[in-house]
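Take this structure first; my questions come after.
Which chain is which? They are A, B, C and D, in the order written, and residues in each are numbered from 1.
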Amino acid sequence: MFHKILIANRGEIAMRVIRTCREMGIATVAVYSDADKKAAHRFCADESVHIGSSEPARSYLNIERIIAAAQETGAMAIHPGYGFLSENADFAAACEAAGVIFIGPPSKVIRALGDKTVARRMMVDSGVPVTPGMHRAETDPVRLAEAAEQLGYPVLIKAAGGGGGKGMRIVASSDQLPEACRSAAREAAAAFGNADIYIEKYIARPRHVEIQVLADAHGNVIHLLERECSIQRRHQKIIEESPSTALTPILRDKMGQAAVAAARAAGYVNAGTVEFLLDENGGFYFLEVNTRLQVEHPVTEMITGIDIVRHQIEIAAGRKLNLSQSDIAGRGHAIECRIYAEDPENDFFPSPGKILFLQEPTGPGIRNDGGVYSGATVPLEYDPILSKLIVYAENRELAVKRMRDALSRYVILGIKTPILFLMDVMDSETFKQGDTHTDFIPRHFANWKPTPVNPHGACLAFAVHELTGKKRSEAFSTAKGQFPTPWETLGNWR
Amino acid sequence: MFHKILIANRGEIAMRVIRTCREMGIATVAVYSDADKKAAHRFCADESVHIGSSEPARSYLNIERIIAAAQETGAMAIHPGYGFLSENADFAAACEAAGVIFIGPPSKVIRALGDKTVARRMMVDSGVPVTPGMHRAETDPVRLAEAAEQLGYPVLIKAAGGGGGKGMRIVASSDQLPEACRSAAREAAAAFGNADIYIEKYIARPRHVEIQVLADAHGNVIHLLERECSIQRRHQKIIEESPSTALTPILRDKMGQAAVAAARAAGYVNAGTVEFLLDENGGFYFLEVNTRLQVEHPVTEMITGIDIVRHQIEIAAGRKLNLSQSDIAGRGHAIECRIYAEDPENDFFPSPGKILFLQEPTGPGIRNDGGVYSGATVPLEYDPILSKLIVYAENRELAVKRMRDALSRYVILGIKTPILFLMDVMDSETFKQGDTHTDFIPRHFANWKPTPVNPHGACLAFAVHELTGKKRSEAFSTAKGQFPTPWETLGNWR
Amino acid sequence: MEYNLRISDADIRMEIDPHRENNSLTAVIGEQEYRVSYEAVSENRIYMVVDDGKEKIGMDAYVAQTADGKVIHINGGVCMVSDNDDSSRQQRKKNGAAGLPDRVTPPMPSLVISVLVKTGDTVEKGQGVVVVSAMKMETTLMAPYAGKVRSVNVAEGDKAAPGDILVDIERAETYKN
Amino acid sequence: MEYNLRISDADIRMEIDPHRENNSLTAVIGEQEYRVSYEAVSENRIYMVVDDGKEKIGMDAYVAQTADGKVIHINGGVCMVSDNDDSSRQQRKKNGAAGLPDRVTPPMPSLVISVLVKTGDTVEKGQGVVVVSAMKMETTLMAPYAGKVRSVNVAEGDKAAPGDILVDIERAETYKN
């Protein structure tokens, strides 16, 4: 087993990986940029290496610097987390060349699956259904327009180089196509270092259902059931759960087998996720393979009882999977809510800044994978995820109630978060009924506004805080300016 | 279902019960004494009622006051937690008389099982094996001495009125008996309002294994597997786990059936625990029935996925159990460590005081049922439990490592806790091998001292804290007294 | 003592009479009178029992002070409560009100990706004028009203902060005059 | 600057040279020299990278100030570090040293359950003299040495605080003289 692992990431996912490493007795190396000198992930590693300035390209995306950091510290392997270099085949190849183990699939598998058009061809060849659309990336606006016309609007522009909603645009009509293509290509270039885009038929009201797979280097491949990830905003998942309310045991089995077949076809090794669109008739279409740990992996961990990161590390170290498909059984129901620094009243626009106060919920069936602390600053430069709140309960109804209550006990002051929005989703009949499609938010929560809190209660809290806080009372006296006497006696004078 | 429940307890267990009530949409009423005005459990309930001064007899043990509080607030039921009035048959009877539902077994069942000698006779009659000893309580010192002689030393004095190690004494020889009996009776009187004691044969090096049962009012009784609770200090459990390393599937089944038989014999309703001593040959002996929620119930919740408190409330509301024995299966391994305000270097003597700083571990497989906060004061008057740290993992080996790591990330400053001791237990070969008997601590950890931390690291942290803390730097200048210049320039002058 | 507070878009007048010696106060908000007893749990947390004459409700409130007022988390809801009598805050608000609503400015520090208009262009209300990128998300800033572009103050690759006027637009009404 | 610190039973002399401008310091403890860079994360938490010339180790430390010194939690271990040059602390320590070791006093505020000796009794070292109860746990306080009971200062039901001398015992050696 590795003696030391470098985690080429930040925030909650770096901390998640470090925790499993600590339990395995593996020393950890964190990396950090200028903006992350005081980031939580740096503090929980055994060592931390500064890798550059705040712009991702000069730090978390700097392949040479990260490999050098591993070599300087004697780390034998690198865990890439999600985002950043996690699906970058050049990075995996550079690790291989430098003799550092990349904890993920071989670079050639990442490269093949990472080009979404290559992946689509591979699936077509192995009999997995895919959505109608282009099988090659394209830059010529004329050809892109032709392809779109042929598929019929609305169409979906997608980045060939990566997922996560980056570089993705729904286009309703031909006049919007040129600017949408330019903007998608720019975003794709910034996110993945690859401006290639392609066009698919846009499937209306699908569900987004994915299958977690584990494959070792000895030819064993199993799946760890599904995750339902339909609820998205800015093309990015915000609520995930397992099991999916849309799957029958037969469909679950079919999709699981398709995912295992897809992984085998790709020569897949390590943890990966096969994403499908599921239409309203139970038809499913291959979307892409995420060749990394997913943000939402805890949902699977909660219902299967398996530590996916531990298996990733063991597989990377060459060990055989000690699980077979018959060992895998889901129990109960798990839901994850992503807690971002974002403003749900303003199209979920990022809202970075300083966290003035933080209190995370705890208790039975609650897991919080956090990456921040009271007083931490959420930097402008990176994906503003703060934490993931995951709950487990005996069944979906109880899990929804548990999530609702846990959210209400999650206190984050100083920056905007979607917590109140998520509480309203948990309270909604549509969510309770499991009616979750990718249009869930625009359809049911367009122009959402928070229900106002009890305003009198808030006023009373304001008054008590003034009365009991020393600093505030000083500020108050100064503001008023007319009573130079001690605050303590002020109350009786008015 | 109940609209409102009063929780007749404090600390972590009150908070635990409130959480499930919130998820069930049931309003909650907390009660608190003078010492608990700023206790965490008070703040998380919908309402809180002051029930008296700090002495337990005048607040948490004041039956009339607590029932009046339920009636004043319109609470339809009372959850007693553990300790205090939870096993007090008079309290349950008073609830019944007042028309308030007591969330626990009927008063007559508590009374029968609460008198440990009656319970022993009941088990003998129903064929459950019991330890040799007295079948009636006794106060006459002469008769007690006779019984002890007959059983042969060492013997065990036990309180007839309750468990938890209160009023329990191991007596090695006849000359120690009189003072031990007096002291045990006094302690029993203080703890249970009942000075009755009796004597059993002392079984050397047993394991303490208990079976969780659930019984509804409609005659359905199931068990939720075992908990291994052998590791104790001052006759009180400190580490619990499930499954037990000592049980084969056959023995587990036998003990489970015995527990269900015991519950049926007693006419048991609600959640309860049948405690057994297990000798080294796989023989097991009935010890007592705990007619309440146990401190260590989370261990069972983690491996079965079941919320025991929810089932307690549903059973009390008259519902049928929606689980049958075949629904119950353990998965993985769970361990609980009790985090007390106590000094492991000084025989685990209570160490109340103010918590200057608190940071609880979080992450995959970690549950912390806490009852305190940074700045809270642990009062002198009550059982000084701060929280329970529970971990879940795929198997025992991984659970031990997870607990070790979670303990190392548990920061409590200002009062003494057994955290370092528990870390050393997790690191020990004996614990790793599952060699856990009730003599575990005296046998393997007598005169335990903490391994000194890296003293140079601590000195450096001291220096940095002085340099960066404003208050400290002021204090420092005053103490030194010879440099009236600003601290900021001091460093360069020496 | 009297407070003139603002929550969301509502102004609320509150009269309070504190009794510090026993951690309580009485308050009048509108027609409603409250008796409140409280505990200062920590710097950012207070617990109140609020009696409105009908029932007594426990309120577990978390509070953080910001330049604009206090952010308050109470029983699961969050809001900003500001003091209308705080003169420094009023000044900031005024400055803000004068400059922000009718200008093209990013909501957070951003990088300018592309400028879609040039000086002299006529724009429709809602027309995209500048694309900015922040935290790897692109957003198109739109014209707040129809009009004519008076000046473009940024170029591709520039950094822009909230309050910076990226494109200055002359209102159509004014233009037509 | 110089510190004379105490951890457990060891005295440690440390010389430090702070460079506040870049959050670092150099320190000499015994023969060992360290280069430390640090971040003050919050009031109770500091993160240090400690370079001892061979390797650089990250240390995540939690610190709370108490009257006796700083309680420090560092990478899972906890200890008290006190400043031997802090005169107020030394005074407290001296007072303590004079009174505590040879008296019968409870380790925490307690209730006296029973007194097992009376004035004039001869006691053995380790013999139980008073039973106290605190937090529902009974403990027997023992004679710290053999001797004769000079006075019993409490009765059953009294409350007793640490430092109160419950039973005053005259040492056997003194007695024999």
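By our rule, contacts are C-beta pairs under 8 Å (C-beta built on N, C-alpha and C of every residue); 3 or more make two chains touch, one makes a residue touch a chain.
Predicted model, so just to flag it, every value in this text is computed and none were measured.
Q: Compute the centre of every chain as the mean of its C-alpha atoms, then state which one is farthest from the centre of subunit A.
A: D
Q: So the centre of each chain is just the mean of its C-alpha atoms; given that, what is the distance between subunit A and subunit D in Å?
A: Inter-chain centre distance comes to 48 Å.
Q: Would you mind pulling out the distance in Å between where the CA atoms of subunit C average out and where those of subunit D do?
A: 51
Q: Using mean CA coordinates as chain centres, what's the subunit A-subunit B distance in Å?
A: 38
Q: Return the residues of subunit D touching two or more other chains; collapse runs of consecutive numbers into ranges.
A: none
Q: Touching at least two other chains at once: which residues of subunit A meet that condition?
A: As it turns out, subunit A has residues touching two or more other chains at 44, 409.
Q: Could you list each pair of chains that touch one another?
A: A-B, A-C, A-D, B-C, B-D
Q: What residues on subunit B touch subunit D, complex-wise?
A: Per the touch definition, subunit B meets subunit D at residues 166, 183, 186-187, 190-191, 234, 346, 349-352, 356-357, 359, 380-384, 407-409, 411, 413-414, 419-420, 423, 450-465, 467-469, 471-472, 479-480, 488, 490-491, 494.
Q: Help me check something: in the complex, which residues belonging to subunit D touch subunit B?
A: 1-3, 5, 7-8, 10, 12, 14, 16-20, 25, 27, 29, 32, 34, 36, 38, 40, 43-44, 46, 48, 50, 59, 61-66, 70-79, 81, 83, 85-88, 107-109, 113-114, 131, 133-139
Q: Taking the touch rule as given, give the residues of subunit B at its contact with subunit C in the complex, in rising order.
A: Answer in residue numbers: 30, 37-38, 42-48, 373-375.
Q: For subunit C, which residues are in contact with subunit B within the complex?
A: Contact set of subunit C toward subunit B: 39, 41-42, 45, 47, 49, 56-58, 60.
Q: Given the complex with subunit B, which residues does subunit A contribute to the contact?
A: Residues of subunit A touching subunit B: 15-16, 19-20, 22-25, 44, 298, 301, 305-307, 309-310, 331-332, 360, 362-370, 392-394, 398, 401-402, 404-405, 409.
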